[in-house]
Each structure stands twice: as structure tokens, then as C-alpha cells.
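Working notes, beginning with the structure itself.
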Amino acid sequence: MALLELERVNTFIGSVQVLRDISINVDKGEIVCLVGRNGAGKTSTIKTIMGLLRPKSGTIRFKDEDITDLPPYRRARLGIGLAPDYRGIFTDLTVEENLQFPKWVIKRNRNQSGSNIEKEVHAIFPELDRLRKREGLVLSGGEGKMVATARALMLNPELLLLDEPLEGLAPIVLVRFAERIKKIREALGIAILLAESNIAHASRVADRIYVVERGEIVYGGSVEDVSRDEQLNRLVRGF
Amino acid sequence: MSGKTSRRDFVKTAAAGIVGFGVGAGVGYGASQMMAPPTGVAPTVTKTVELGKTPRGVPKEPIKIGIVSWFTGPSTMVGEACYGGARFAADEINKAGGILGRKIEVLKRDCGTPEVTVDAVRRFVLEDKVDLMGGDVGGSNCNAIVPHIEQLKVPFFFQCSTTVKEVEELDPNPLYVFRTGEQNLAEPNVAAQLIVREFPNAKRIAGINPDYVYGREAMMYTMKALNKLAPHMESVLETWPPLGATDFSSHITAVLDAKPDVVITACWGGDFVTFAKQATAYGLFQKTNVVSILGSMALNSLTKDIVPPGVWMLQRDYYFEAPPHNLYPLNKWFVETYRKRENKFPEFDVMQIFSGIFAYKQAVERVYAATGSYPENEEICRAIQNSQVVSPAGHRVITSDGQFINPLPYGKTWHDPKYPIATIDPKTLGFIMPEYVYNPKSLPPVLQYPLGTGMKYSDWIASW
Amino acid sequence: MDPETVVIIILNGMFYALSLFLITIGLNILYGFMKVLNIAHGGLYATGAFLTWALMNTAAKAGYPIYILWLCIPVGAFLVGLLALVIEPLLFKRLYRLREEYSLLATFGLMLVFDDSLRMIFGGSPLSANQLYNWMGTLTILGKSYPTYNFVIYAFAIAVALGLWIFFFKTKMGRILRGTAQDREMSACLGVNVSILYTETFFLAVFIAGLGGAIYLPATNAYSGMGFEPIVLSFAVMIIGGLGSLKGALVAASMIGLVRAFGIALMPELELAVVFLILIITLIVRPRGLFGKKFTREEK
Amino acid sequence: MKTKYIIALIIGLLLASVLPLVIPKYYTYVLSVTICFAIYALGYNILFGRTGLLSFGHALYLGIGAYTVAALMRPELGPYRIFSMELLLLAAIVTSAIVGLGVGALCIRYTRIFFGLINLGFVMVWHALLLKLYHITGGTDGLPVYIPSTLGITLPYETFRTFSFYYYVLAVFLIVTYVMWRIYNSPFGLALKAIRENGVRAEFIGIPVGRYRLAAYVISAIYGGIGGALWAPLSGQVSPDVSTWLTSGDVVMMNILGGMFNFAGPIVGAFLFYNLKIQIMHFTTYWSFILGLSAIFFVLVFPGGIMGWLSTKMKKFYGQKA
């Protein structure tokens, strides 16, 4: 059964329609990737799932619960974690404080494994120890992505939303980070929905892929099928 | 109850327009020492008659009184006093049948800044078509509106806000302007006399005065008079907190640092309350002598724990215990009735507008009686000039330039368990009589301030 | 001027400075978190004084002991805070979305409403509650009398400053606030109920302003219009110190307080102008203020 | 289309010129004051609505205009006193332009709240000087303003304030409104709009943003000066309270009430604001309570101001027709 289900979701920003009849689903423990060009609607989809954008019609279900009208903080408490494309690190706070932030907010964790999550996260991202005292302002791009991801995990979510986690990373770092994403699933068994603009990168991590174009899902299927489909590849690349 | 009879007496007395020393005034404090009452009705009356106008009937519509004063901001208590006094007078007159049958309505309008005051006055005249105006607007606003009043040709009864500048420069020959209280030039003079009398050995004088025309004039003329009366006294420091200040500590510290023998303050209203409280804590009252020129405007706010005993307080021209109630029942009735109405003790503003309105009433009735025609504003004003009126504070003579002449009560503050507020110790209560107000060295050589000659006040002081 | 007097002048300057400080903190919090420049803060300061007056006056009339009167100060401030819980959801929630000038105008309107409501309820005469001030008596410092109550104010303001510092930098709630101030969307995504947090923050800011009014009441008095003068000076303090800076507010408020106190002693004619000249010079030389953060491109 | 405008204009003018004959005297005076404020608000809007700079100290220029007039009429000047309204206006324009240029040069580097507050700083310094330089400015008393001669004719008190000066003010108003209309529709005026929308982008497309902002500032300063200069003889008195941050708030209120993105907005706003104030003051001393409430109401309900609301209504209406 699906963990997250979007059904014919239409979203507008102002008077511009950014999502048209989007229907996707993510199952438990699955890594799903939204692939599309810049401005295709990936970030809008993720924002709609998080509640930062309100759909005009359609429904969003999470764990069989209709969350279409819930505000973001309720969704976060239900178990959706987000690492946005702009990282969203609190620059005034140290890395440590950034990581602790979700714990301060939500006093009681969803399941009782709350105390372990910290260890698990540190096991996945051992570099965090080194950064601990660093201020959010002085992090490099890769470090920022890592902290943002780790912070989202501290919510102990069942669904992790990663918006362009691989964008702008150096090739070596990129490969390593992609491995980490897989490791997250292995260690925590949670589902991950990520947005990516490069099919090759997406296929490194994803089980399934949705291709988004102009706010519409144009394709949904396995990684292999997409990689072979030259037309889709061209569509996503833009040439 | 004696209050009731007195009131009727009073209304009757005033209504009949008895010139001279009436029943109430006869016992009035210091009435015998009043200036000789000049007579000014006759010329006006004859003039009207000579002109041979068709007699004007009594208008049907009520008489409108416009009160211009502070109804917002830190000085609201002043506006409330003026408005309360005017309504008090109006109610009393209406109960007795009005002025020639015309009832009185009281309107009020906020003054605020000089421009707003000018606008308020203009609006009263042009839109509401008031018959007379009154109010305590403060020195700055007074200076601003006086030229307009003379142009708009509607009488205005100032309470206590007239300045030397107004009297000497802006409106030296007023017709429509009346000053129901002492001019500002009176007080500094009296303050100087008080200082010379009470502290003959003082040398160093300091001042904490509000930073506007009144405060400036009060300090300047007190020092001018002191230089003449006691040349050994000198001003060592003058500080100017803004009107409406909440923190006087810096000013008090600066004054204490100058080690004065006497401190003069013209702070009034809420300012005086704050000043008194902070000055107590800084030990100002213990370390030096304080003479307050207008502190009594804060009368109802001076709860017993604020004012320390022993501040010399000049009471402008009316203090609710003077004339003493046992000697002068009219005052007793006035204070008691006002307290019943407003749950407050009447400040001098209350008394001033009250007697101003009665002077107006008296003038209208008198001219009407003489000519059989309802008078125009100009006639009314000329009839008020050089007339007299019985007021709760005693007898009032009105000079040809619209000045109500009266003695100034003064005394040291203390707390009488009878009252919830600080009052004047009756043992120290004294009056400075009008002739001394304008004549500080009645000790020889006698110099009379030549009222009405247009001599400048500073020139007069210089001639002592 | 003897050195003793200089000490007293400095104390006087701080007396004035700390009232500005207590208002400015609230302004800073509201601007820092919600980007609302709240002119009505002066009105809330005044409300603090008036409500405390009502409590103290009732208590004194009923003959309650002095510690009850002390208690009136926090209770009065708390009541003002409760007021914040009403106006925040009703008015300010709608302002967060609007442009700055709209919120300026609306809070300006609210300031007028506050000022007049106080006059309607409490009348126009100044109200004083002197029991505590008199009870504390006078202290002799270097041979000069000085009101003991002022030290209560100093101690109190320092406690507030320290307390806030600890709150913002050492407590969970404070750090959540700082994070939310920077990125409200992100913190919502991390589970923060921003709407409630804003209400709580608003309560805190208003509570401090109310405390300012309450604690100054015994030393001065409450009168209608009392909120207008400090609010404009507090804007100056806020800008000179740097938007959102606690330290800056303290330093700038002290600066203005001292300039004013020495100005009265040395050059009374220019005291008021100097305060605003400092503001202008600060803005020209260092627009982000003494302790303000560097502007981001968007803020410029 | 054009003829429709011209007919409307002629009707408006006719109405404006017969109005003093119909309405009570006091309201002719009120109307004249309103027009002065309309000039002031109109000038403010080129800065606020057009260029997007919120100044919280624009009463500085109202004060400068008014005090220039009052100062040149001072009796101390003896034979050098100026009574000609035309010369006084010229003097007010020159002084406000000079001050505007100086202050503006320091201000225009900033935007948003910083621009607003640096202006607040200047108006308060000016206010403090007016207040404290007692011997020059009269302190809190301010200065009296005498009746000037208009076009060489001096009229008596009543006629002047409640009749003749109205037409003078109206004439000046028409001229400056026309000038402002031309400015709005000039390339310069359109460039200001671009600056408001996005200062950085405007710079990229070659608009000298700083200089244009300064020009807008000086224009608004001059309009403020004209408004103040015309208002002073009407009032008959100027005092430091003309120029405070509170009175600076009034002009912001006028612009927002009327609608700051509409050319006629500030004029409507000034009319509405001043008359609202006058009328409320008539009924109650709690006028600032009602004024405050209406400010909040307008911000929440008509954030585009009266004219903004009207024009969207009109557009809808005409849009449906077409």
C-alpha cells in the first residue's frame, strides 16, 4: 500500500498553474525520483507535498490520511521530512543546533526509537562530528546539503523529501552523496522522494522515476525503462 | 442649606448687575483694598442711543459658549477644568432663566498646537457661530490666537494663559480679549517679592521651567524684578525641560549642582506632579527652598504623598480655601457644589471661566436694560471693560484692557488630614494685593505700574 | 562640575536610557521576527503603566501590604501581554503578509486607538502611584541624595537584558525563535507551528514593553500621550544599535540617555537635536547600526 | 475619449469655482487647506507611490515652506518684509529645493525602512531646532503669518481666508497638478516606476537610479514646500508641530487612504483624511481613536486605497461591457 499518494493535484502560484493533474505515489521503503528540467514542476510538487503550496484541487494522502489541508508543521509531525534545494540552514545557529532543532520542536517522537535516530544519523554522516560547532553561515555547498538532510532525518520521518540533493556537487562528492541516500534507506527503512534534473544521476539511486514536464507527469516507470527511452532523455536534457 | 440660598443670592446679585460692593463681595477678602471702580458703561450706552439704531430684540436661539482648551494629551486636566467651570456657570444661569431668557450651551474643542488652536477658534466663530469663547490654551496658543480673535470680533475669556508678549506686543489695546486671571507679568513680580521677603539672605537663584513662552517669561521677569529688589541675588542656572516631560532627574541634578538658595519653578499640571515626586527623592526640597509659580494647576493630582511640606506656592488668583469659607459663604457654596458635580476641587481655571461668563451675562443685561436693544459683540465687550463682577474668589475689577484684577494668594504646602490632597497651610496663607502686584516697592518710593499706558513691563521694572 | 555630579548625571542618563531600552527590545523582537515595525508599542508601554496604576491604586486603597504592590508590576505587565494575545491574531496576523508601509500605518492607527482608549478609561489627569517610590526612600551617593527606586529599575533592566540573552542563546525556545526569524518556511517544515510561535513572541515583546511601563510608573506617572515620545526615540535607538541586536539596543539606548543627560547639563539648547543627529550620522556612516548584521542583497 | 476628459474637467472646474458661493464660509477655508495638503500629498506620492520610497519625515518640507513664508514676513525684517505671495512661493520653492537636494543626496542611497527612518531623523532635527532656537523661530510659539498680497492685492482678513485665497490656491493646485501629470507620463516618470518595481533591474537597463531617485525626492520636496507656503497664510500661524514624525505620518495616511498607485489617489486621500479629521473632531474629543480605527480599517479592507478600489471596480465594470 502506498505511503504517499497524490491524486490529480492542481497547484497555482498566483494565477499561474504550476502543477496539472499530478498523480504519483511512493511506497514504504522506496526511493522515487522526480526528474525534469528546471521549472518543470519538481520543486512545486515537493512543496505541495510539504504543504508550502496549497493545491487548488486534488488530494494528498499520507499513511491513508488525507493531509491536503494540513499546514506544513502538522505534516512534519506526521513524518514528512524535507531538505529543500536551497538547503535552508539556519545561519545564526551552529550545526549542532541546526540538527537539534527538530528535536526541540517535537518533544515526543513518533515512535520510541527517537533516541537512536541521532546515532543512526551520525553513523550515516560521520563528518557531522567535525562540523558540530561550526556556524551555519560558513558551511560549503556539500556540507550544507548534508546538514540539511541530516536535520530532516532528525524528525524521524517516514518519508524524506530531498529537493535537488545532488545539484551543484563535485563529481566525487556526488557519487558519495548518492551512496548516502541509499544508505539512509538501508539504515532507517524509510521512503525517499527526491527531485533531480539529471536522469543519469537519478538512476544511480532511484527505484522508480517520474518524469515531469510543464507541471505534468509524462512518464512513470522503472529506472531501466527511462534510461533506454531516448525520447524521454532528450526531453529532460532539453536537447 | 446655606449653599442653596447663597447660590440664589449669587445668581440674583450677578443678574441684577449690581455695581460696587455687593452682599457677597462685601465680606470678600481684601475687597476694600480693590482699586477704585471706574465706570465704563455710560459712554457705550450713550453711543448706541445716539446712533439711533432700531432696537434689536432678544434673539431666540441659545447663547453658545465655545471652550478651547486641551482635551487630549498631558494637559487634559486643564481643559476639563475650563469645560467643567463653563458648564457649571451655564447650568446655574440656565436654572435661573438664562441670559435675558436665552439659554446657554457649552461647546468644546481641542487646542493642541498653535495652528490647531487658531483653527478651533475660527471654526467656533465661522461654523458654530458662538457668542463667546473661553479657555486656558497656554501661552504659545494664546499668542497665536489673539490677533485672530480681534479680527473675528467675538469675545474670548482667557484663563491664565496670557503672556507679556501678548499684552505688550500682539494686542496692546484689546477689545475682544479678556484675561480672567492675572497676566503672566503679575506672577514673576509676586514671586520676586516673596523671595525677597522670605529669603532676604539668598544669593543664588536657579530655575526649572517649562520650555515655552510662559516658562521663559516667568523666569526672565522674576530675575528682572529680583535684580531691582535685591541686586545681590543672581541667576546661577536656568534649565528648560520640555512641556510634558516625564523625567526631570537630569534637570534636578543640574540645579542641585549649582547649589542655589532658591529654586523657581513654573512647571504646572502633570509636569509639576512628576517634578515634585522626583525632586523629593533627589532631596531638592531638603537642600534648598522651592518657589512654585503655577504648581497649583496640579491641585487635584497633588495627593498627600507627593508634595512635601514647605514648598512656597503662588496660587495665581484663586485658591479653593481662599477666601476662607467661614468668612465668604459664596466660596464655600462654589467649592461644595463643584465638588458635588465633578468630584474635584475647583482649580483657578474653574473659577476664572465661571466669573468670566458672569461678567458677560452682567454686561449683556446691563446694556439691554439701558438701551432696550440686544447688544452687539462690540457693545458687550465695551460694557465688560471697566466693569466689576462678583466672583467666588471675591470681587473682581475689570480694567479697560480686559484684565480682571485680583489679589494673589500664596502659602506653604502641607497636608491637612481633612483633605485627600496637599493644601496650603492656613498659617502661611497670605495675599498679595493688586496694588502690590503692580507695585512691589510700595515700601517707599512708591511706584505704581502705569496700567493702560502701554509702558513696557521690563521698562517699568527698570525704572524702580 | 564636580565628579560626584558626573556620577549622578550618568545614573540619570541610564534611568532614561533603560526605559528606551525596554521598549526597543520589543520593537527589535517584532521587527526581527515578523518584520513589523510596531508603532503601537508605545501605546502598549503606556497601557502597562495605566493598568499597573489601576492595580496599585486599588491595592493601596484596600490597605494591602507593600509586597502586594510590588506584585502589581508583573501582574500589570502580564495583563498587557494578554492584550497582545487579542490584537496579534486579530490585526497583526494580517499585517505580516503586507508591505512595510501598510503595517506602519496600521500600527500607527493602533497607537492612536490605544492612546485614546486609555484617556477614555482613565481620564486625562496624570495618575501617580508613589507608594513604592516613597517606600524605597532616598539613598546617599557621594554625598548626594538619589532615589533608591531607580536602582530597582537598573537591576531590573539588567535582569531583563541578561534574561533575554540567556533565553535567545541558551534555551531551546529561544533558538527555535532565532531559526524561525531567519526562515519561517524551513522551520515550519521542521515541525514549528509558526503561527502560535508568532503569537508567543508577540506576547513576549509586549510583556516587556508592559513591564517597562509598569516599572517606570512609580518613578514618573501615567498620563495620556505618554507613549509617543519614547516610541520615536526607540526607533532611533533601534537603528543606531542595529536592527535586531540586543547588545546594540542596550548600547544605543545608553548613548542616547547619556547624551541627553549631559546635554541638559552642558548645552540644553541642542540636547534634542543631538539625539537625532546621532541617528542621521549613524545611518550615513554605518547604515546597519553599531551591532547590526550585514545586509543581504534583498534587504538593501 | 479625450473630449470626455475635457468635459469632466470643465464640470469639475465650474463646480470648484462656484463652491465657495454655496458652502458655509468655514468650509471654503477648510477646502483651501485641503487643497494645500493635496499638493503636499501629490508631491509625496512621486516618491512613495511612484518610486517606492517610504519617507517618514516628509513634513520637513511642509514645515520649511511654511516657516519660509512666516520668516520672510517677520516684523523684525522692517522694510525687507515680503508680502507678495508670488515671491513667497518662489522663496519656499527655492529653500525646499535646496534642503531637498542636500537631504536627498544623503538619503537616496537607502531604501525601505532605512530611507524612512533617516528622513524621520531629519524631520526631528529640524523640529528640535525650531523648538530650541527660541529667538529665531519663536520656540513652541511658532511665528504668526500675516495676510499676504495676492497678485499685488491685499484683502481683509475674512475675505482673504474664506473666499479669495481659495481661488489662488486652486489655481496653483491646477498648475502643479498639470506639471505632475506631465512628469508622470514623461520617460523620467516611467523610469521611476521601473525603479520601484526593481531597482537592480532598472540599473541594468541603463536608468541612473540614484540620480532619478534624487530628482524624485527634490520634486516631492518642492511640492511639500509649495503646500506649506500656501497653507501658512491660511492658518495664520506656524509652529514646530507642523514638522514632526506624527504629521509626517499624516501624509502617508493620505496617500494610502487615497491609493498610492493612482495619480488622483493622494488628492482624494488628502481630501478624505483632512475632512474626516475635521468632522470627527467636531463630534468628539476622541477623534484620534476614530482616525486610528479608520486607518486600520483601510489597511485591512482597502489596501489599494479608495482610488485603487474604484479603478478595479471600474475596470471590472467596463471589462464586462466590452
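Chains: A, B, C and D, in written order; residue numbering restarts at 1 for each.
Everything that follows uses one rule, which is that a residue touches a chain if its C-beta (ideal position, glycine included) is under 8 Å from a C-beta of that chain, and two chains touch if they have at least 3 such contacts.
Here the structure is a predicted model, which means the values were calculated and not measured.
Steps from subunit B to subunit D, minimised over paths through touching chains, total 1.
Chain centroids computed from C-alpha atoms place C closest to the centre of all protein C-alpha atoms shown. With respect to subunit A, maximal separation of chain centres occurs for B (centres as means of Cα atoms). Per-chain CA centroids place subunit A at a distance of 54 Å from subunit D. Put simply, the C-alpha centre of subunit A and that of subunit C have 43 angstrom between them. Between subunit A and subunit B, the centres computed from C-alpha atoms are 80 Å apart.
Annotation: 40 Å between the Cα-based centres of subunit B and subunit C. The set of subunit B residues touching two or more other chains comprises 71-72, 242.
Among all residues of subunit C, those that touch two or more other chains are 116, 119, 272. Shown for subunit A are the residues in touch with two or more other chains, of which there are none. All chain pairs in contact, by the document's touch criterion: A-C, B-C, B-D, C-D. Those residues of subunit D that touch subunit B in the shared complex are 24-27, 29, 131-132, 134, 139-142, 144, 157-158, 161-162, 235-239, 241-242, 281-282, 285, 287-288. Of all residues in subunit B, those touching subunit C in their complex are 70-77, 79-80, 239-242, 244, 246-247, 249-251, 253-254, 256-257, 269-270, 273-274, 277-278, 280-283, 286-287, 298, 300-301, 303, 305-306.
Only residues 50-52, 71-73, 76-77, 81-82, 84, 88, 90-93, 97-98, 100-102, 104-106, 151-152, 155 of subunit A touch subunit C when the two sit together in their complex.
On the subunit D side of its complex with subunit C, the touching residues are 48, 54, 56, 106, 109-114, 116-118, 120-122, 124-125, 128-129, 131-133, 245-246, 249, 252-253, 256, 286, 288-289, 291-296, 298-300, 303. Subunit C contributes residues 172-173, 175-176, 178-179, 181-183, 185-195 to its touches with subunit A in the complex.
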